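Order as written gives the chain letters A, B, C and D; numbering starts at 1 within each chain.
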Amino acid sequence: MNKAIGKTLVAGAGLSGIRSALDLAETGYKVLLIDKSDHIGGLLCQLDNQFPTSKCGYCRMLPMFDRDKSSQHCLRKGLFHENIEILLSTQLISVEGEPGDLTITLKQNPSLIDSSLCTGCGECERVCPVLVNDSFNEGLTKRKAIYLPSPQSFSNAYTIDYTACTRCGECEKICPTGAIKFTEQDREKFKILVVDDEKIVRDSMKEWLKEEGFSVTTADSGQKALELMDDRSFNMMLTDIKMPGMDGVELLAKAKEKNEDLCVIMMTAYAAVDSAVDAMKQGALDYLTKPFDPDVLIAMTKKVYHEFEIAEGRVEQVDALILAGGTQFFKPELGKNPYGYGVLPGVVTGMEFERLISGTGPGKGKLIHPKTSRPVRKIAWFQCVGSRDVQTGAGFCSNVCCMISIKEAILAKEKFGPDIEATIFYMDMRTIGKSFDEYKLNAQNENQVRFVRARIHSLDENVAKGDGSLVARYVDMGGNIHKDDFDLVVLATGQRPAELMTEAALKNSIETNQWGFIETGSFSMVKTSRPGILSGGSLSGLKDISESVTCASAAALEACKIMHEAGKQIIGAADAGAIDADDMEDLAVMARENPRILTVLCSCSSDFSQRLDLESLKSHLDRIPENESVEIMDKLCTDEGWQTLIDMIQKTNPNRLVLGACLPCIHKHRIKELGKAAGFHPSLVETLDIISILNQYPDLEISKMTQRINRELKILISKARFKNPVPNERLESNQNALVIGGGIAGITAALSIADCGYHVDLVEKNDTIGGNLVWMDKTVDGLDIQEYLDEKVRQLESHSQVTIHKKTSIESAASHPGEIATLLKKEGETNDLGETILHGVTILATGGSQAPLEPDVDDSLKILTQKEFEIVVQDRKIEPEKLNTVVMIQCSGTRDEKHNYCSRVCCIRALKNALFLKEKNPDVQVYILYRDMMSYGFFEEYYTEAKQAGVIFFQYDSANKPVTEMHEDKVLVKTFDLLLDMPVEIEADCVIHATGILPDLPETLADQYGAALDTFHFFKEADSKFRPVDSMNYRVFSCGLSLKPCTIEEAVATAEAAAIRAIRILSHERLVSGKTVADTRTAICSLCELCVDTCPYGARSVDRLEEKIVIDPAACQGCGVCAAVCPSGSAVLEGLDMRLMLDSIDMVLS
Amino acid sequence: MMIKIEHEDNSLTKGLQQFFKRLLETREIDALFLPVRLKDSSSIMPSLVTESVQVDNAVPLSPAFPLNSGRMVSRLSYKLSGRKTAVLLRPCEIRAFIELIKLKQGSRQELILIGIDCPKALSSSDYTAYMEKDPLDDDAYIQKVFSENDKTLNGFNFSSACNTCENPFPVNTDMNILLHGVDLSDGMIVESASETGQNILETLNMQQATEPVKRDEVVAQIKEAGLKANEEMIKDIEEKTNSITKLNSFLDRCINCYNCRNMCPVCYCKECVFNTDVFYHQPVQYHQWAEKKGAVKLPTDTVFYHLTRLAHISHACVGCGQCSNACPSDINVFELFKSVAQNTQAAFEYSPGTDENEPPPLSVFHEKEFEDIIGIERE
Amino acid sequence: MGQVSNERLLEQTETVKEMIQTCIQCGTCTASCPNNEFMDITPRHMWRLLLTDHADAVFSSKSFIMCSSCYYCTLRCPRGLELTHAMSLLKQAASKLKLKQFQRSSLFYEAFLDSVKKHGRVREMEFMTNYFISMKNPVIPFAYASLGLKLMAKGKVRPEFPFGGKGKLTALFKKVAELEG
Amino acid sequence: MEKFEPVIIAFVCNWCTYTAADLAGTSRLSYPTNIRLIRVMCTGMVDPQYVIKAFLEGADGVLISGCHPGDCHYINGNYKARRRIKLLKEILPRFGIEKDRLHLTWIGASDGIEFAEIMTQLNDQIIEIGPSQTRLSKVI
């Protein structure tokens, strides 16, 4: 039976949307990826570098095997994948149905530009009279209403800003390919009713709106308006509120009764704004305050019109929906705006600063003051702008701003020289990731970034100086007031829910938290309140890249589960591009044939011939012996043109094709079709986008341009000449998984994989499973951990696809391309050889534990670790009711020389325990001694709660750590109050140390599977940002505490992420390599193993029995370093081998 | 520890032979690998010896250096044989072998490396001529070469490599036979250089020796002389090849026979890339080159080949001079190589053959290094 | 302090402590405060003292008395704490406890309000005279002499008694007294 | 005399510098047309032989350009490239091919302007150095 292919809709094509989409597409499901904006890539397109490396690595998200199915270039240029359909300028309207059967309505902006015709020549942009703020540069520069969506976009096609466009038609007139088509008459169809008792208002509004091409009718009273509405229908009504007789609000109600879809905009004097707001609650769309600027009216009208235009929805049937709409940033100009954003010169948001320093930004790679254009030397970053500030309605922390600011400061220093003075003003430095603390220390010590613990109250211009510099007044920890001058102040603006997404969520009854962020279920970072709808990335709260990517993958896993449970199929990688036996034979024949190249040049309706001497080009290329034929054709982009080409191919019977044309007709999918039509592999078609080169050099003389194109074509001909027609390699791949570790991460990973239909062996060294969860009672949110664990264990133990090996350890493991063999060893069984498991992927979920207290002297329950405390309280060995004073010491043995990382969970745990104690015994005095309170994200609420409950916090300095002394039955804690500048002594009944988390991943174990450990002995990610659960060995993953310190919820998310990363391999019987892939010529190989050592992916290994180098073609990414390191040429990069390279060099130099 | 090898029948050579026989008889080793005068021949070739009696033909110290045995030892050791072999190598042969170990072409596991103060060598062509014209006997040669530091022998030239060698002393071995600074009338000294070496020397039960007092001084003198000669040689060769035009003329007799690379001990490739299909050009290619330049010499890619070889292994050049020895056109490839090797080795602070744990410079990298070469600022 | 125990002070400041419990010691109040330079301890320091039950230290400082109720701190506090109100509660506590070191300010306020109560607006000369009398210190008026003359020269303080307003505020004062219990 | 137009080959990596070159293209930033780009997957795959070949076949200048340290798609290919270029810079000048004819740069995906600038500067620089000997004398 032919079952349907699973399909998921991913709403939001930023970082996390791309991750979810790719994970599913790689697994073999269909994905519809939509985004409301005009380009994909989201926020990251605007950032050149990201923390915690100050580097990029976005491209590392791309598929690793079957690479030819997707684009292989910088993601800022765009993305395509055979299994992903991308719809831009598209929004989600509604969702109906159940998981596995969702009906989703979308609305898409009408496209006035036919992207298949647009050559990106830029003429339209030149003539466009409208200049608006360029949102890509955060408004720091201007752009036209017709523009290129993002500077690096792969497609050169222009797009139109519908709200800014005046429909003057200049672009339509000038477009040389006729790609722009306005449907101007449509505005006439848009009927507007203006209701006002003042004639002058009515008339002038009518005039303004008519000028824009709308149909306008006026009425002088509500009664009249209603009468008119009986006659005909209107799309929009503008009504005054204060009118004699029926007032605007009443009219609104009555009009809505007649026409529910009518858009109503209220007009009112400033004093009566309240009633306008009330009217909005009754269904008015918006309001205008009188007197208003015609431009405001027009803009608002256009917005409504635009909605009207795109109201026609597209309906999609999918199995699951992933919401990945990301986040928005707080707008500092709203509210009290104490920092004078938009008022004072040189106050910018973090995003604006990113644009200021970007190579594609307004400074063109140089840092200049956005207002005065003077060079910038002193820069300050203000943290918590719109976060941790109830004055802006933000009782939460935004998670990543501290790190973003550190990165920006480092980048400013690195890019623009050490003369830049960077100061970061902060409250708590929330370096909550594994390597974040180290990053901060490096910024401080190596980059000389100044960190000042102070909150700036407001900002003033230094009027005395008169150079636009800003002065910030702050108080240091010692109470001294300082006034510092800055050229530029960067506001680290906090998170706000993504508007459209929240709207969509509310409309579709998806629960949000008190601030409007999507609420996810208990112990899940991705499940929303509505089954079948998942939240990826930052939608449920701002996340750093690694966490966004993790959640995106976790969301993909849930979608995968839904599709599997709904019985949906995947497109097997091996079947999709399947080449049957006959084809294989043809290809084999072709491989032995001499190349016969057909070179086709498009004259593009004589456009090219004006700039190029096509005939001389033809005669040059004709001299290349393998060039069977060089043809000049016209308008390849049209269907007729394309047919001529196919005819020509059939006539000349070439086995290679080189195509010189413009971008639209060399789009990948057409080439694919062509390959099929002509009977050869698409990779044997080489294409040159001539128009881009012509566009780049508008003034180059014909002879030079011809030369240039000649050279470019010759390189391609050279490539075609040496292309290997043999199809991509297929590697048989084992479809079982091995999960090592039976903690919550291991359990989740195993269950997730098993739920998607693959067999899992789970190995646990102890005789119980559950790991750390066994000793935990409740989360800070009050969730019952035992109940959760019991349910998971029950599911695991009863799962038909899971085999559990308790009291078992890993004896040894050996990897072969496509399969890993692991020898198990059961505790107590000494003589027998253990069981060998063959598997395709390994998930290292070996966990971690709370660091012991050093030295652990006390057994009187006076000095405890957090874990010990929680256990003794559960056992009632300590009764909270009997305690008078409890002291908690944070960062006890972490964030120091020995364990230089933040363990992330201890502050939350301390807050949980403090609140627990206060709940059980309101009289107990709890003191928390901390360095930086890491109550990140929405956990900030618990910090506030603890304070409200009367918990007293003492901040201490890492140089001056608290000490404890046993005094009979009390513990004396000595610390120093930094603010009061005095020593403090507390007599406590009990002292609880937050000792941090130690990973439990033996180096030998990691090593056996080709994974590595980082400097902190956690699992080393292939890329800490973009591949956060992968190792460099593409078959090995990690999750939970062996990966990084994390909460239960986060551990579950990493496990789900690891699961989908594994499933995308397990779902294929055979993995397909890329066309550009390493190979070895064994006959001339000396087995020096230089290639083995140099391969970053471990794709090469030595087969000791066969005495040869073997390559895992799926692991190989085609970088070619192996070929460069091999002196004999036995290591080769198929597709870009030395013959081809040397020939290309010859070609460009001839 | 140090032991003494005494004269046997008033002969140093026989004394050495005796030492090797004892070594073979200890059962610590199964075979010896050392230069042996072939039966009924004047040729001295490295040979694998298992019979004690065969040691009588061994010439451990001779002016003949037909090939760098580092290569041969790699053949003996790239896989396990189940036999233990003691190999006697010249310092440059040891260096070559150490480089080959790094490239997984050999292993020390079953070897006892015995080094020797280098007895120098004549170039292969001079050696043939020398042998025809009243050569010195083996002992006399030793006496002469270790007492004088001449550049010639009976009017024949020691090879350029030997005359410009700044390091004719063994390192990285299990034991070394020392002659420089040793009173040869009293015999020679064997010093242990590793634990294995020491154990073996102990089982030999031979007379202990003391450190030769003058050795350091002599070693320093020889090194200095070598350095000076090397400097002059490099100045000279640089002058001869400091432009592409000059390099063209320097190599104009090259017939692309690839003997230099075949005999190079560190050119470890089974097959040189220049012998593969990459350089088996299409006929039309030759025409195209000819059309471009007016004429093209065949075989082509001569300078390309030499420059590539410099790029591939100059960092590993041990300065044995076998490339020049092997050249049928008498091109002094060695001098060309050494002059470049000096630069490349200095650039990576790499000294080939001295430490088998030092990775080849192009197989490793550091995140922060050579930052001065990044960018287009003029140097 | 001497006259009032820390415990008693703590009782009096219980409400203030509760008000500022969620303070995160960011220092915005201090940096905002235009009178900070006249304070012996910073506002942040003072809140910290209160939180850590050092009420005695709070009342041995005069910082809160220096508060001129400009409301900057309240406006800018990220925790949304009503700091200005907290300041005035401290002033009230000081007055209620009749702490000697705040006597001058308490009497100053009382004299001011008395004048307002009586006339519906302040009569500077009467108010100052009453204040001096209540201080029972003959030296004090001299300290104000030069300031007084300056103000008089600028017409800010008039020797004559302005008319009007008498008794109109009585109801208001009555209500306040009622509210305050 | 005809103005010297140098022949320059630039090996650019597919991920960063090629993106920058593309960006320069779409941003209409022209750079000298005599610079010939050869796209490679990674600078780490640039065999020293390619550079030698380019010079011997008459290139006046060779540029290798890839991702900034840490940005390499293949993690560390650019570091490996740096060692190879260092090696060539030790060998080639010895034979009269000036050090300044061979360059290695890091040009990130967003550095379209920098790309065009570097190309222009490089061209000027090579013009200043003059034609390569290999163009004047036929290499055997």
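Note that a residue touches a chain if its C-beta (ideal position, glycine included) is under 8 Å from a C-beta of that chain, and two chains touch if they have at least 3 such contacts.
All values derive from a computational prediction rather than experimental measurement.
Taking each chain's centre as the mean of its C-alpha atoms, the one that lies farthest from the centre of chain C is B. Highest inter-chain contact count (C-beta pairs) belongs to A-D. Chain geometry summary: the mean Cα position of chain B and that of chain D are 38 Å apart.
Averaged C-alpha coordinates give centres for chain B and chain C that are 96 Å from one another.
Centroid to centroid, with C-alpha atoms defining each point, chain C and chain D lie 75 Å apart. Here the spacing of chain A and chain B, counted between their Cα centres, is 58 Å. Touching two or more other chains at once are residues 273, 312, 362 of chain B. Looking at chain D, residues 48-49, 53, 69-70, 76, 80, 84 sit in touch with two or more other chains. Annotation, chain-chain contacts: A-B, A-C, A-D, B-D (touch as defined at the top). Touching chain C in their complex are the following residues of chain A: 336, 338, 384, 388-391, 427, 454-458, 473-475, 479, 481, 943-944, 947-948, 950, 952, 955, 977, 979-980, 984. If you check the complex, the residues on chain D that touch chain A are 7, 9, 14-16, 18-20, 22-30, 33, 36, 38, 40-42, 44-50, 53-54, 57-59, 67-71, 73-77, 80, 84, 108-114. Residues 625, 1081, 1083-1090, 1093-1094, 1125, 1127-1130, 1137-1139, 1142, 1146, 1150 of chain A touch chain B in their complex. Listed in rising order, the residues of chain D touching chain B in the complex are 48-49, 52-53, 56, 63, 69-70, 76, 79-80, 82-92, 94-97, 99-100, 103-106, 118, 121-122, 125, 133-134, 136-140. Those residues of chain C whose C-beta lies close enough to touch chain A in the complex are 21-32, 36-37, 41-42, 44-45, 48-49, 51-52, 54, 72, 75-80.
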